[in-house]
Every structure is written in structure tokens, then in C-alpha cells.
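What follows is a pair of complexes built around chain A, which joins chain B in one and chain C in the other.
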Partner chain A sequence: MVGYIDKIKEISERLLKEGTVEMVIGFQKGTLPMMNTPCFAKTPEDVGNFVWDSHCGINLANYLTDRKEKIGVIAKGCDSRSIVTHITENKIKREQIFVIGAPCKGMMDRHKIASLFETEIRSVAENDGKLIVTAGDGEKTLEKADLLQKNCAVCAHRNPVIHDELAADPVEDQKDVDRYADVREIETMPPAEKWDYFDDLFSACIRCYACRNACPLCYCPTCFVDESQPQWVGKSTDPIDTKTFHFLRAYHCAGRCTDCGSCERACPMGINMRMLTKKLEKDCIDAFGWEPGLDLNQRPPLDTYKMDDPEDFIK
Partner chain B sequence: MKVIKIDKKDWADSLGKLSGPYRLFGPVRDKDFHNFKELGNDEQPDFNFQNTRVSAKSMVLPQSETLFTYSLDEKEPDHHQMREPEKNYSPRAVLGIRPCDAKAFLLVKRNFDTPEYKDPYWVRAYEASTFVGLACDDPCSTCFCTSAGCGPFHEEGLDLLLVDAGDHFLAKVLTQKGKNLVQAAGWGVETNADVELMKRTAESRIASAISTEQLKGKAATDLYHAPFWEEAAFACINCGTCTYSCPTCWCFDIQDENHGNAGVRMRNWDSCMYPLFTLHGSGHNPRETKIHRVRQRFMHKLKYYLDKYDAGIQCVGCGRCIRLCPVNIDIRNICELMNSHDPGACTCQVA
Partner chain C sequence: MGIEPGRLHFSWISSAEATKFVDVVTQVTDAVRALGPHENFVKHMPKVA
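Coming up: the complex of A and B.
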């Protein structure tokens, strides 16, 4: 994927030069290994800062919400699906954006990589499916495929579903991935065990809301946790309030979440809150045959109604 | 100053002795990282860490703290009156706090404990605490403490400084509180070992630095109107990670919560990165966009605090906000932009 950058720069420069867009949103190199940071280019010269590699996990759709300019945006499979959701939910107009598609082979799980070393990682280079990682206690060459973010390891849509131009040829999608093995494991737990599982899952949460804010779906001007009249949920570190936040947020993402993994990636405490959104994603497939972000012309299942709905209560 | 030798094989015993006169707190491993917790009976602090994930500030300023309780039940004689709950301000010892986190309390103290105003909860908890520091000999690449008024062996804010010397600790007694704790633990073996060389070695391992010398001379309004904020703030998602993990961020919000007729008035950490932080009752928000909020955080730390107290920046260089920011906004870069800002060189402004 490192090879995409020349094409990304070429397209971005052209778009800015020709005035097709006012800005292009992409990534620039961060100050820490495995951390690229979202940035914009407003002039062809700014494009020089762009990078592309396996550490571009942040979902850039989050940076489009309610913007008024004409924008070029680099989109992986998951970003493109969030962009589709944004368009169907009127957060941005299709004609306002130029999607530079980046077929994706998966982004790296930096926490997992860090856990393989005793000391801090000093640098990470990438080459042909391999990562060359240097830490205080030596250098290792690792297979990228073994170190994907959890969501990327089971990603079923690596190619951008909408794009105006591609930065590379489409990649082969992963076949036979079992997306929901972990969800099924929890589904089969007896209630008490499930309870303990979720208690433990969220025990370290500091309610910083990085998960919510990294999520392209969480664009409400005032989130329900921030409301005070009425106050839906307490604001302290009470474990029940904390779980209420997580459960309700997950429901707000039901039928919309593309499992881009931004929430989990952003969490400073390493919490896998995706277990909630994934369960609802699975339920949407089971109940409605629905996968979000694949079609600009369909509404997500929870904001639409079908005449042939099998349930009586709604008729 | 006295240096004492503590054999590691006696460590557990001495903690046993300390657990009588003190409530003990220390770093404990939780899943993938360490954080400060109250230690259970016979629980040992785990010193095998570079720094705790979030800072030790909750030892004095808990993320959620009950200030009052009240009853809305008119049958109760003191209904609708605030009652101060019983709290435990008996002596506590915070074991293994890093020098940066200890120094941070002194930065906060300038605001929470002044001749004019005292935050009674903070002051009582602070005064009840004895801080037993653990010097850093293996700093993170993101630590820039030595250029932020602190350092891996820094002593300000500590009562005792422990230095790991293999099979034993060397303990530098720094205050009367430190002396009392040493006595309670039964540590008495004085040595003339010198930690100066270890200190210099540790300091030389700090690989990262900021420059702050120009900040004071700049006009706050020039920095406020500097053209770099839009770009600097672009990636920020306005979470509270940087402020919640920071040892020097002190902002809180006060909330009442009722369950039936019983209520508590509590304070919870708050963050200038949240839109709600400055939302007025009228609906107006003076810091409406994330550009305003990011600017506020850095202006407070690197300019307003410095101007107000003339005692350095409101940052001890622990590097947590750099390590934990999900989009890699790096205070070292922003500090450089501010420190080197030349208002004459630019014409554009942010709103």
C-alpha cells in the first residue's frame, strides 16, 4: 500500500490545481511510529506532506461532517462506506466530494505490535507485506497479515464502494472470513457470565469519549450523554452510567456502523467497545439482510419501513 | 540530605508496617497498563512500569467526587440542605509516583490552594498524602520533562525519592513527611551512596525537549490570532483523552444527581476540549469550534498559566497527551509553533 502515495499525490495535486476541490483530506506522518495524523491540503504544494501506509486507520469520513467546501478525500473500504452513510444521512452531498479510493489490505494494530516488545518501539518501516519494527530491545520483521486491527482481520469490503478515481487497482477481498466468531461466543454465554464479561470490558473506561468522537456516525450536535434537560445518564464514573453510555451509543450506531475500528483504535484504555456495535451489525444482517454503507439509494433499516414487514406490531 | 538503603527483600515487610498508619496507594497492572489504585491487604505496588497510563492526579482529585449529599424528603428534618459526607482524610502514602506527577501537584496547588481561595477537598487530600517518588531510569521517547521544569530524578513535590539500585532502593528523604514515613517503615540504614551520577545518566536519556523561552515575551493576543491554529486543530476529535490523562489539567464540573428523594452533589473531571465546557445557558458558546478549543488548551498550558503565575508552563513534560492522543496531536510541535511565532511575518487570522 506504500506504493499508492505517488498516485494519491498526483490526483490530489491535479484536483487542487484544476480547482475541482478546495481541499483534499488525507494523512501526514505523525511524530510517533505507527501514528499518522489526518491533515488537509489546500494548495498543490501542501500535497507534499501526504503519506499513505498501513497506519492510516482513522476514518476520514469523520472529517467531512457538515463541511461546506468541495473536498477531495482519501477513502479505504470502510471510509467509503461511512461516506455513503454520511450522504444518505445528509451530512454531506455526493457532488461536494471527490473520493480518491484506496483499496486496502488492512491497517495495523499498533497496540498488538507494541505488546510484542519489551521496550518502546522506535521506528516501523513497511515493505511488501512485512513490517520491520525496531524497538529498544532489537529489530523484528513481522508479517503484516498477523498484525491487522481486529476489524481489518475480518473486513469483507476492502475496496472503496464509491470512488471518483482509484489510487490503485482493486485488491482481492478476503474470502471465508468469519466476521462474528467473537460475537457468537458471547451470545452463548449464560446471563451471569455475559454480565461479568461486559462489566470487565468497560471497567477501565474513563469516559473520555474518544471512541464516540472518533466515530463518523457520532455527529449529533449534542450527544445524549451531554444532555442535561432531561438528563438521560449520569456523568460520573459510576459503572452503570458508563455502561449506559456504551450500550446506548451502540444502539445509535445500529444499522449504520461499518466496523471501521476507529473507536477501538482511539481508546486510550484499550477497550474493545466494538463488541457491542458488532453484535448489532450481526443482528441487522440476520433480521434485515442489511449491511451498511453499500448503497447510496437505500435507507438504513432503522429509519425506514417496508410494506411487507413481517411484524404485526408496526402495522 | 539523608540517603537510606532499603533492601528489596525487606520491602514487603516494610509495606506491612506502613499499612497500619497509612492507607497505601500505588501503581497496579490492569490488563495492559498500570494505574494508581488503593492497595489491598498485602497487595504490592508493581514498579515494573515506565509510567502509569493516566496520571496520579486522581490521588488528590478523583475523577468523580461526592461533595455533598441531600434529601428531598420533607419528612426529614434537614431536607433540602447540603450535608457534608464523612470522608477519609487519614494519612495516605502514594508509593511509586513518578517525579513528573508529583511536581504536577505543585502546579495545581497554585490554583487550588491560595491565600484567597482554597479548594477544601483538594487541600485536605493533598495534605493527607505522603508522596514516595520513584526515579525514572528508563524514560519514554515522549518524555520531555527536563525542558518542562521537571526531570527523571526531580524532587519538588516529593517527600521521599526512591532510586532503584538493583537488589535495593536508595531513598532520599526530602521532607518531614518523608522522615515520618521512613520511621514508620522501620528503614534506618543510612548510606553515603550518591545518586548524582544516576541522576545525570537518567537525564541524559531524555531524548526530547521543548523550547519555551520566547513564550513569555509574546503578546497573548498575537498568539491567539496566530494563523497556525486551523491546521494544528484539524485532526483533533475533541475527546477528553489529553486532558483526562494529564497530571496538570484540573478542570471539573459540578452535578447534582437524584435517586428518588436522595441526592448527591458531585464534581467530575471536565475538559476544555468538550463543546459543553463553555456552553452558556443562553445557548451561546464562546468557544464554538474545535479550533477555539484546541487553542484554549494550548494557550492555557503554555501562555496564560505562564503569564499568570510567572512560574513556568502548566506542563511537566510527562508526554501522556502525546502517547494517548488518538490522532497524534503533539504538544511539542504546538509549543514550537507558539514559541517561534513571529506575528510580523503573517497577515492572515483565524476567527
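Coming up: the complex of A and C.
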């Protein structure tokens, strides 16, 4: 995957030189290891800052909302599906974007890697399916396959669903991944046990809203948690307020979430809030046969009406 | 997310269906009353010394 960068740079430089786009959104090295940050290249020279490795987990569709100019954007499978969602929801026009597709074999779980070391990680290099991680207490060579982000390990759409040019040949999709084993486990719990599970899951939340900010779907000009007239939910870290925030945010993503894992990746506390969005994703598949962001011409399930909609729950 | 199944009800009722509305509301309130008070999703104000 490291090899993509030359092609990415070449395409981006060409687009900017020819004036096809006014800006290309990619990744640059972050100030900390494993934390690549978005890079907005506006001149061919800026493209020199671009990097591509296994730490480009951020979903770049997040930076396209309501943009007016022509933009080139580098998109993994999940990013491309979020871009499709953006187009369907009229947040940007297809003609405005040039998608540089980056077939993806999964990004690294920074929380998991950090947990393997006692001290702070100083540098991470990668080579041929291995990560060489240097921390204060020594150096370790790790298998990339063991350290995939949880959503990447069960990813079923690794290749971009829309693209104007690919940075590399498509990769083989993972077959026979069981995406919902953990969701099914929770579904079988009795209500009280479920409550305790979510109580525990969100107990560490500090309400920093990093999950919301990293989410390409959370583009409301004013989020319900930030409104004060009326104040829908308390702003403290009271467990009920925290859960209200997480439950409602997840519902706002129903039928839209592509499981890009940005929320979980952004969380400083390592909370697995994908357990909520995944459940809704599974329900959408079960009830409507719907997977978001796969087709530009399909309307989302929540704004279509079908005579054969399952309505067993309505009396 | 830990709410008992009998606590949440959905129904289509037209504004013209007054009797259906009464029936459904009665059923819902009876069903919920039978489950007893819901203690979980309730915010308690912090106790001030």
C-alpha cells in the first residue's frame, strides 16, 4: 500500500497543474506517529507533502460538505461510499469532485498498537506487511494483519465504489467475513444485561465529541448537543446525558453509516461506539436489504416508501 | 440498548380514528404500567451537600 503514493502524487499534481480541480485532499504526516492528518493541496508544490500508509484512517469525505469549488479527493472503499452518501444527500455535486481511488487493505488500530507498549510510541515504519514500532521501551516488529482497525478487519468493500482514476489495481475483497458476530451477541442479551453493557461501554466517555467531528455524516450546521434553546440533552458527563448523545448520534447515522471507523479511531478513550452504528447497519440490511453508499442512483431507505416494507412492529 | 420490549409501541392512527386512538393508548398505558417504573434511563440531579 505504501507504493501508492507516487501514483497519488502524480495524479494530484497533474490535476492541479491542468486546473481540473482547485484543491486535492489527501494525507500528510501528523505530528504524532500513526496520526496522519488531512492535507489540502492547492498548488502542485503542496502535493509534495502527501503521504500514504496504513495510518490514513480518517474519512476524507468529511471535508467535502457544502464545498463550492472543484475538488480532487483520495478515497478508500469506505470514503468513496461516504462520498456517494454526500452526493445523494446533496452535500456536493458529482461533477465537482474528482475521486482518486485508493484500494485499501485496512488501516492500523492505533489504540491497539499503543496498548502493546508501556511508553509512548516514537516512530512507526512499515514494510511488506509488517510494522516496525519504536517506543521508549524498545522496538517491536508486528504483523499488520493482527492490528487492523476493527472495522477494517470485517470490511466487505475495500475498493472505491466510485472513482475517476485509481491509484493502484483493485484489491481482492474479503470473502466470508462475519460482520455482525458481536452485534448478534448483544442482541441475545436480556434488557438489563444490555443496559449494563452500554453503561459500561460509554462510562469512559468525556463528551469531547471527537467521534462526531470525525464523522462524515455529522455535518449538521448545529448539532443537537450544541443547541441550548431548547437544550435537548445535558452537556455534562452524566451517564444518562452521555448515553443520550451516543444513542441519538447513532440514530442520525441510520442507513447512512458506511462503518468507516472514523468515530472509533478519533476517540481518545478508545470507546467502541461502532456497536451502535453496526446494529443499525445490520437492521437496515435485514429490513430493507440496504447497504449505504454503493449506488449513486438509489434513494436511501428512510426516504423511500415501498408497499412491501416490513411493518411488523406497527400495531 | 436495554429498554424492555413492552415499553415501546408503534401504531398508525388517523386523526379520524378516535376510537382506535383510545384503544391503543389504553393498551399502551396498561402494558407499560404492568412493567412497572423504568429506573434506568432517568437522569438524577447531582446531590448537593
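As a convention for this text, the second predicted complex is superposed on the first by the 307 of 315 C-alpha atoms of A that agree within 3 Å, B and C clash if a C-alpha of one lies under 4 Å from a C-alpha of the other, contacts with A are read in each partner's own complex, and residues count from 1 in each chain.
Note that a contact is a pair of C-beta atoms (placed from the backbone, for glycine too) under 8 Å apart; a residue touches a chain by one contact, two chains touch by 3 or more.
Note that this is a predicted model, so its numbers are computed, not measured.
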| item | value |
| --- | --- |
| Which superposed partner A:M307 touches (first chain B, second chain C, both, neither) | neither |
| First, second, both or neither for A:Y209, with chain B first and chain C second | first |
| Which of chain B and chain C A:N62 touches, first, second, both or neither | first |
| Which superposed partner A:S115 touches (first chain B, second chain C, both, neither) | first |
| Chain B versus chain C as contact partner of A:F247, first or second or both or neither | second |
| Dominant contact partner of chain A by residue count, chain C or chain B | B |
| Partner chain in contact with A:L32 - chain B first, chain C second, else both or neither | first |
| Partner chain in contact with A:D196 - chain B first, chain C second, else both or neither | second |
| Partner chain(s) touched by A:A181 [first = chain B, second = chain C, both, neither] | neither |
| Touching both chain B and chain C, residues of chain A | 234, 238 |
| Residue numbers on chain A that touch chain B, as the complex places them | 30-32, 35-40, 58, 62-63, 111, 115, 119-120, 122, 203-204, 206-210, 212-214, 222, 226, 234-238, 265-270 |
| Touching residues on chain B, where the partner in the complex is chain A | 30-33, 35, 50, 53-54, 63-64, 138, 140-142, 231, 234-235, 237-241, 244-245, 253, 255, 257, 266, 268, 271, 274-276, 322-324, 326-330, 332-333 |
| Interfacial residue positions of chain C with respect to chain A in the complex | 1-5, 9-12, 24, 40-43, 46 |
| Residue ranges of chain A touching chain C (in the complex, touch as defined) | 191-199, 234, 238, 240-241, 243, 247, 276, 313-315 |
